[in-house]
Structures are given as C-alpha cells and as structure tokens.
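Below are two complexes that have chain A in common, paired first with chain B and then with chain C.
Moving on, here comes the complex of A and B:
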C-alpha cells in the first residue's frame, strides 16, 4: 500500500489533453459565431490544438520533469511510454483527419446562408459541435493510454465513443446517417455494458481497481496456482465488450452499416480512433494478467483461446464479407474488421516477442493508409453526394489522375504490397506471430491476405486501368481542396515512410520497453 | 492520513460481506444482466432497448457494490457513481437520437430503419 497514486504526478502527463480541452471550449464558442470567416477557421483551430498537443506530449514525456516522475514512481502507470507513442500518432493522424473533414458538415446550411436564402441560426449549425466532439474523442484515446485505474479506463473509453455517436448523426443530412448513428449507439451501449460487467468481475477477483496492483494480485494468484475464475470470466467479458470498439468478431456486425451511413471523413475517423483506444485498452488489461502462466506467450489458456478465436474469426469474416460488396465504403469497413484481426496476432504474440510493438506500429500505419483511401472518397463527389460504388472509381485516372493514384497506393498498402508501408507493418506483425510459435495463426492470416487481394486489387486496378464508366464521367472534385491535400500527403507518407522504418520501429519499441512489461514476464511460473 | 486510511476508518465498524451473501448479490446482478441482454436482443422498441442497456449497467453496478463490501474497499462504490453519471450522459444522447428518428418516421420500432443493409452483388 506504500505506492498510492499521487494524483498530482499523473496530472502532469495529461497536459496535452488539457490543451486539447481548451481548444474544444474555443471551438464550441466559435461555431456559434455569425461571421462566416470565424466559422471557416474551425478546422484550422482544430489542427492547431492538435499540433500543440503533439508538441506538449513530446515535452511532457521527454522533459526532465516527466522523466523524474516516471523514475521516482514506476507504479504511476502500467505502461507509461505507450502514452507518448499513441498520443503523438493520434495527434498526427488527427490533423490529417481534420483536413479530410473540411467542408463535410453543414455544407448545405452554409451554402444557403452564403446565398442569402436564410439567415445564420446558431441553433441549426453543427460545425462547432462536430469539431469539438472530434477533439473530445481524440482526447478519449489519449487518456486511455494513461489509464492506471479501471474507472479511468472506463471513462476514457466512453469519452472516445460518446462523441463519435453524435459525429455520425450530424455528419451529413440524409436519413441514413441518423440510422447509422442509432445502430452505432445502441450496439455501443450494449458493448459498454458488457465490458463494464467484465470490469466488475475483474474488481471482484482482485479487490482493487488500480491496474498496477491488479497486476500484482494476478501474479500472486498465478504463483499460488489459483487463478480466480472471476478474473478469467471478467477478462473475457471485458475483451468482448472492447471488441466492439476495434470492430472485432463477435461485435463486428455494425461496422459495415455504420461506415456506409456516416460521411466519408467520419468513417475514416471511426476506423482509426475507437480502434486505437480499444487496442490500447485490451493491451493494458491483458498486461494486468502479467502475460504470465502460459509457457510460450504468457496468457492463461482460456484467454489465449478466446483471443485466438476472435482473431481468426475477425480476419476471416472481414475478408469474406468484403468480397460480396459493391460499395467502396462497405469494402473498407470489412477491411477495417479484417485489419483488427491481423492486429490481434500481435496481441497474442505478447511483448516478449515484440508483438505489442508490432500492434502499435500497425495502428499508426493503418491510420495513415486508411485515411488516404477515405480522403479520396471525401475529395470527389457527384451533385454534392459522396461517391460510393466501385463503378464510380472506374477510370478515375482520366479526369482525376491524382486521386486515382492515391486510391491505388492506399489499397496497395492495405493489401501489403512490398515497397509500401503496409507491407512492413504486416511483416512485423507476422514475424511476431511466428516468434511466438503461432504458426497456424500466421498461416491463416496469410491465406486471408490472399483472399483480400481479390478486392484490394480491384481497388488498385479500377481507378488506374479500367475504362471510365458512365457513372464515373459525372464525378467532379469537391470545392474544398483540403481532402485532396490530405489524400496526397498520406499517400506520399505511405511511399516515403518505409525509408524511415528504423526510427519508426524504434519509437514503437520504446513505447513498450519500461519495467512494467518485463516484470510481467519474469513472474511466469 | 491518506485515502486508503480514510476508507479503512470508514469500514472500521463494518463487517465484510460473507461468501454466501456475496453469491446472492452476484446471482441478482447476473440475472439482471441476462434479462437486459435478452431484452435488448429480442425487443424492437427503441425506448425498451435503451432501458435494457440501462438494466445491464445497473447489473454491473450491483456487482461492484457487492464486491466493494466483500473486499472492504471503497473504490467499487466510487466506480458506481461514475457509472451512474455516464449512464445519465448516455440517456441524454439516446433520448436525443430517438426523438430525432421519431420525428422522421413517427414510430419507435427499430425495424423501420433498414435502409443500411447487406446488398450482395447480383
């Protein structure tokens, strides 16, 4: 009991979130302004706050105060350095996502106001809310990394999810967006209840809410060979509930509908932000089990089996589902499910085999390449509607060569074509899986990658090689340049970042090095 | 005097929950959770579906409180306060969304909303 949480020390590490929150307040107020110029500045303020948070994160963790706090009290957080990596990648990708979302919310209202058809009414304007909730949800992800407490973890996960429900609802005017929001919300509430019940059982099993103490309690149980069945059931329930956030197998069925119903920028957001929060939460929870008790990778047998089944089901159902689709957004939704399955290989492999680093690296890479694909959808339109089907993409090179190339690069990277970033991320994951002795799992993942080639290659070849269809003739650029710029930036990143693979991988390794994980490994029986 | 000592003082006069009593509470909470889950999956009225998720939240809360008394540790009860707060936030959101949908279709039946679904390639 000597190391009770000094709350003040923890507050130091949420300085970036505090900065984001100030941004949220400013944005909420600016969204109500009658001046169009002020309202048009909202995405810029969003990017600015994220940039400030990015810088602050680095300063907070690398500065002398942060280093001292961490070395004085190693029990401050379960995995302290994960925070630095995940927060910085969340801020960087958040800036890109904010660029993609320029012009999507309130477009009709703004056009009507600009044309003088109706006066500006702050009650009907949603843009301020949209960007504020955008930042709040990113704040949720960032707070998840700092969680050292089930209460904190629960609140951070909810802070990630609740704003996204509203973002889906206000993302575009058609009815489908609201339908998507309701489906997403109800299933999300159910998933929350499930992992909450899991948390209750975890608490019952260990008698503490604090993750570092929970780790010790589980280690003691493993040593005495009496792992409490409450703990096992609780962990499985918690994982199932969090599977909703990462769109993994038993809770994945909402993804296609919700991704299709929401506007493309919001879909890109949903594919990255809740997934990151969910993955970090799963990693933190499994770390409390200490990765001990299992000879090869370190988790208790029932948990391993559950994870294994979730991983296999997720990637298989995701890839098979994508084969049947004609809508690009639904294909990308199923691909997002499949990618969660690949990431779970890293979770199964565990920190001893570089699995966790591989997952963290994959999250960043997935965020970049997936945003590139959605930026293309956001940058093109037909009569003010987003493009949706595969036919729309056919022969895009004639009129929109830049976007065609971006789409091809993004899909190639999602498939894992060698010189692109996605290949290295996938390779890193599979190597971790093989090191952990999960040969069968990696073979299944390889087969799944082969299946996914069918639809990804469609997305690569259609824009570049196919003849333009009657539908794709009518497509024009959206009047806002920012989604295009975001698409080009991310596509360039996908091509160029492999040259900087060393530093990136070292950064992801630094995220998982400190004591907490290694002590977890040493207590195995 | 730190937080732990405070909670010990609070519980000084209190007996921990026995195994048997704990199991009663846990059975109650598991039953509530199961009723909520079954209701959520079988009912189509959006308000009832929301009530069912609330039921599942409260099931978790009951389990927390019982465990809190069993372990003589106050943090379980603190968690319950946060659960109630988040449940209230979710209720506000749910009612907002349900009213939005009701204005469009004049019904609370969730099945009317089925524009988003699988459309396999011909």
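Moving on, here comes the complex of A and C:
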C-alpha cells in the first residue's frame, strides 16, 4: 500500500522546517530575556537554525530514505525536487537577510536600556518576535514547495505572508512603518480572498484538493475534450491573488508604499521571500493544468493570455514607475515589480523550454543581488535615520568606498550588465522565452531592460562618479558591521558566481527534472 | 473545447435569488407593518435590562485585550481537542495511526504551552 498514511512520509520532507520551528521557539523565549547578551545572540541563533535547515534539506532529499520514499510513492508531491533547490536557496539567502537586519529592530529601546534611562521591559521589546517571524515566514516558503493539496498550499502561503505584515510594523518606530503594515495587511487579505475563491473553484471543477489528483482530473477532462471552464476561471483567480505575493500587476500597487515604509532589511526580505513562495505556488498550480495545450508553450489559451498580459503589464508598469521616483527604496520597489514581470516569461515558456528552471535560477540570483542593494541602505545612516533619496547616495565613494562599489555592482547586476550574475539569469530567461516562440514578449522585455537602464545606471554612477552632495556628506556608517559584511558578501557573490554558472544551472534543472512536469496533459482548443 | 453545464447551477441561482428576496421582503414588511411608538423610556439604549450609565465611547485598558488573546489560545485549543478525543477512541490501540494521532496532539499541546510561557515571560499577566 503505497499511499497508506502519506502524511507520515511527507513529514520526512519537512524536517528542515521542524528545525526552523525549534529555532523559532528558542528565539521567542530568548527575546524576552533580561540579559542584553542573550538578546544580542538572536540574529546568530537565526543564522544557526537556517544553516541547520540548509544541511537538513540536502540530507533529507539526497539521503537514501528520501530517495526511497520518492520512488515508492511518486504521488507524494507534484514537483518533489523543487523543494530541495528552493529550500536551500531560501536558507542561504535567509542567512544573508538575517545579517542585514542586525541592529535594525528595537534600536532606540536597546540604546535607552544600555544608557540606563529605562529598565528592560519585555512587553516593549520586539526583537525576539522579529527574528521568530523572520524564520516563520521562511518556513512558509519552504512548506510551499512541499504542498500537495490546496489547503496545505493556502496555509503555507499565509504562513509566508502573515509574519511579514507584523515585521513591517515593528521594523522601525516611525508611523510610516505602521501605515505601510496596515495597507499591506488589508490588501494582502483581499488578495488571499481572491486566490482562496480560485482554489474553491478549482476544487469544484476537479472534485479533488490533491494536486497530483487534480493533474489527472484535468488530464481526463482534456482527453474528453471538455475542460471545465470553472477550473480555468479558478486558475486565473488563483493566479491573480498570488500576483499580490510576487508584486505583479494588477496587484502591485502596494509595493512602493510598503517597501518605502518598512526598514531596509525588511524591504529586502519582502522582495525575496513572498516572491519566491508566490512563484513556486504559481508553478505548482499551472503544473496541475499541464503544459502541452498551446502549440509552443503548453498552457491552455485563456491562461496563456492572462499570463502574457500580466507579464507585459508588470514589467512595463514597474519600469515606468521607477523612472518617476527619487527615493532609492521606491526605485527598488518598482524594480522588484519589473523583475516579477521578467520571471513570468519563464513561467510562460514552461518546462519544455527550460522556462521553469530559468525562473528558479532567477529567483536565487534576484535574491542575492537585491539583498546586496538593500544591505547598502541598511549599512549607512544619517543621525540614526535611514538614507532615502538618490542625493544621499551621490559621491559615496569618498567616505564609504566599499558601499559605493557594492551599490554599483548590485544595480549593474539588476540591470543585467554582462559579466555580472544578473546578466546570465536574464539571458537564461530570455532564451527560454525565445525557444517557446514568444518573440514579442522577449522584445518587450528587452525594451523594458533598456528603460530600466535609465534608473539603474543612475544608481551605478551616482555613488561612484558624482560629486558628493551636501546631504551625502552627513552620512555615516551604521554602528553594526553585519549589514556591511552582508553587502560585501553578496556583491562578491554577484561577481564570482558566474564562474560557477554550470553547477548552479544544473541544480535548477535537477529541481524540475522528474517527469511529472514534462508529461503534462494535452488540452486542445 | 472549454465547456460547462451551467444548468447544474440553476438550483444555486434560485437559492441566491430566494435569499435576496427574503431579506428585502422582511425589511420592507417590518418597515410598513411594524408599530412605532416613541418615548423617553423606549428610546434609551438596550443594556440587557440595566439603566445605561455614561457614554459607550469609554476606553478600556489594553491589557484586557492582551488577556483576551491569551484566553483565545486555550479556547481554540479546546475546540481542537474535542474532535480529536472523539476520533482517537475509534482508532486501533497502539497502531501506527494511533501513535501518529497522539504525536500530533502532543505537538499541538506543546505549542500552546510554549505560547503560555511566552505570554507569561512577556508580562501579559502582570497587572500593575
């Protein structure tokens, strides 16, 4: 009996998440400790649990038990090996993000306690909660990869999003952070309602919650030449709702305000973590529908058109929006929207054209280069406030040469300047698009890259070539070295990783190899 | 070919229609038929038979809400424990399934206890 208690078999694959959960529990309690030394250990414990989860992921998937379970029960998960790739990249980037966030939460409170103005009161402290929610949200991403039914998928997506609402609110004291959090929460709740409704329609049209069975149900419907249109509508609604998580049009409006309101480390987190979860969810859902209906790409026509429009709108609106901004965080927010648009090219291209692994690879690369840019913002400050506008960055090379170079490398990579990592990731996506015959889409993406050069080149040249402005003279290093270290590590990764392109791309290909993807169902029109 | 049998949804449509009509008819009927008598006694707010004192816009200490949230943890826990207890008696004793069920609920209770410890350390129960 292969599927007797499949839950027990699945538990094996969430061991990394269990490790993170133990970390969460320890951090929750440690954050309330009266000893400053214990409280200062929180980021370290966060990194430690992520490192353990990283190792466990490899062991769980590559070990003999994991391999046996997967071969005995192929219906355990829809795309089992995606988990290994996404979980390992989420843990690795999570460690960097935790480094960026050192010293950002509770800074004033800790300073007042250290100076003896205030006794330490656990009810005012937020640091433990911040790092615990940090790990919980990463846990959500990791659980999304293991989802094999709609309820699990829904809960995992919510586990990714709910902690981020609170992280935005407690990331820094100004009211603008709370305003951002409330906006983010209400729009997020609306998006959740939309994709939940989509899930309900998907269940109604296939009669099952389980993704692998859903795939068979859609295949049977396609064979009989009657695909239930409620299934298609449900799929479109689910995709629109998940567009909120990846900050894609038409659900992208929140991004600029929320990214601006949150502290820089949280913004970096928002740009990577929910996006990864959303992309994995979209890929899982589309896989149930199969990839062999459209002559070149495999998706049924209505889904194809929707995705195409979302992709074009997302990249165009993102890049045009960024042109109008002066605040660095808002520029990076719009750039995050635009990058979601690029990634959708890979989703449209589908697994037959290496599209899905291009998306997975791009997610990792985007996480690295975007975190580098935000690490610069987190590492510099003016009178304890974050730096905000482009003018603040002008002539950074004089006083902070390291950070100026990191910013230039990160922006260059986000633009896709050839020797850097971002170029190869983008190239890989565009090749997938061309292989799928989506020439128009790739041309639009190319034009968008040209538009984005305007503001990315601004971010490259301002710190390195411009004269220091009156504003940038007053900028000092943050007293915490870790954001700087994270920035330098990620910038070095952007420069060095292209040398290891082969292994990285092979890893992303291995994530999508099992046949469940390419032997999709045939849906004729 | 994408197709769906919309006829199957006719009963749902009728139900929705009836629900809407029911609401409108009831509201309209009360408005038209209901007797309306006003007076000093009749117009005061209903407070379960007590005479209302002061304004309703009184502010409560935030501790009440925090305590209420802590109560919610245990409230929800009991809601989950009840169906679990009913199902658990039906499982074969010492089978794999029973062990799994027991493990799950133990994990669940452990998380609630941790939540309790967290609330206690956070100072939720301190009332000064």
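By definition in this document, the second predicted complex is superposed on the first by the 515 of 525 C-alpha atoms of A that agree within 3 Å, B and C clash if a C-alpha of one lies under 4 Å from a C-alpha of the other, contacts with A are read in each partner's own complex, and residues count from 1 in each chain.
In the analysis below, a residue touches a chain if its C-beta (ideal position, glycine included) is under 8 Å from a C-beta of that chain, and two chains touch if they have at least 3 such contacts.
Here the structure is a predicted model, which is why all the values come from computation and not from measurement.
Peer 1: Which partner chains sit in contact with A:228 here, chain B, chain C, both or neither? Use first/second/both/neither.
Peer 2: A:228 sits against chain C, while chain B stays out of touch.
Peer 1: Should A:8 be classified as contacting the first partner (chain B), the second (chain C), both, or neither?
Peer 2: A:8 sits against chain C, while chain B stays out of touch.
Peer 1: Contact-wise, after the overlay, does A:123 reach chain B, chain C, both or neither (first, second, both, neither)?
Peer 2: In the superposition, A:123 touches chain C alone.
Peer 1: Touching A:473 in the superposition: chain B (first), chain C (second), both, neither?
Peer 2: It touches nothing on chain B or chain C.
Peer 1: Is A:165 in contact with chain B, with chain C, with both, or with neither (first, second, both, neither)?
Peer 2: In the superposed model, A:165 contacts chain B only, not chain C.
Peer 1: Looking at A:62 after the superposition, I want to know if it touches chain B, chain C, both of them or none. Which is it: first, second, both, neither?
Peer 2: So A:62 meets neither chain B nor chain C here.
Peer 1: Which one hits more chain A residues, chain B or chain C?
Peer 2: For chain A, the partner with the higher number of touched residues is B.
Peer 1: Should A:40 be classified as contacting the first partner (chain B), the second (chain C), both, or neither?
Peer 2: Neither chain B nor chain C is touched by A:40.
Peer 1: Answer with first, second, both or neither: which of chain B and chain C does A:204 touch in the superposed model?
Peer 2: A:204 contacts chain B only, not chain C.
Peer 1: Considering only the contact definition stated at the top, list the common interface residues of chain A for chain B and chain C.
Peer 2: On chain A, no residue contacts both chain B in one structure and chain C in the other.
Peer 1: Name, in rising order, each residue of chain A that touches chain B in their complex.
Peer 2: Listed in rising order, the residues of chain A that touch chain B are 1, 4, 150-151, 154-155, 158, 162, 165-166, 169, 175-176, 178-183, 185-186, 189-190, 192-194, 196-197, 199-201, 203-204, 207-210, 256-258, 260-261, 324-327.
Peer 1: Residue numbers of chain A touching chain C in their complex, please.
Peer 2: 5, 7-8, 25, 28-29, 32, 121-123, 225-230, 232, 300, 302, 524-525
Peer 1: Would you tell me which residues of chain B are touching chain A in their complex?
Peer 2: So the residues of chain B touching chain A come out as 2-4, 26, 29, 33, 36-37, 40, 46, 49-50, 53, 56-57, 59-61, 63-64, 66-68, 70-71, 73, 75-76, 78-79, 82-83, 86, 89-90, 93-94, 97-98, 100-101, 104, 110, 113-121.
Peer 1: How about chain C: which of its residues touch chain A in the complex?
Peer 2: 1-4, 96-97, 100, 114, 117-118, 121-124
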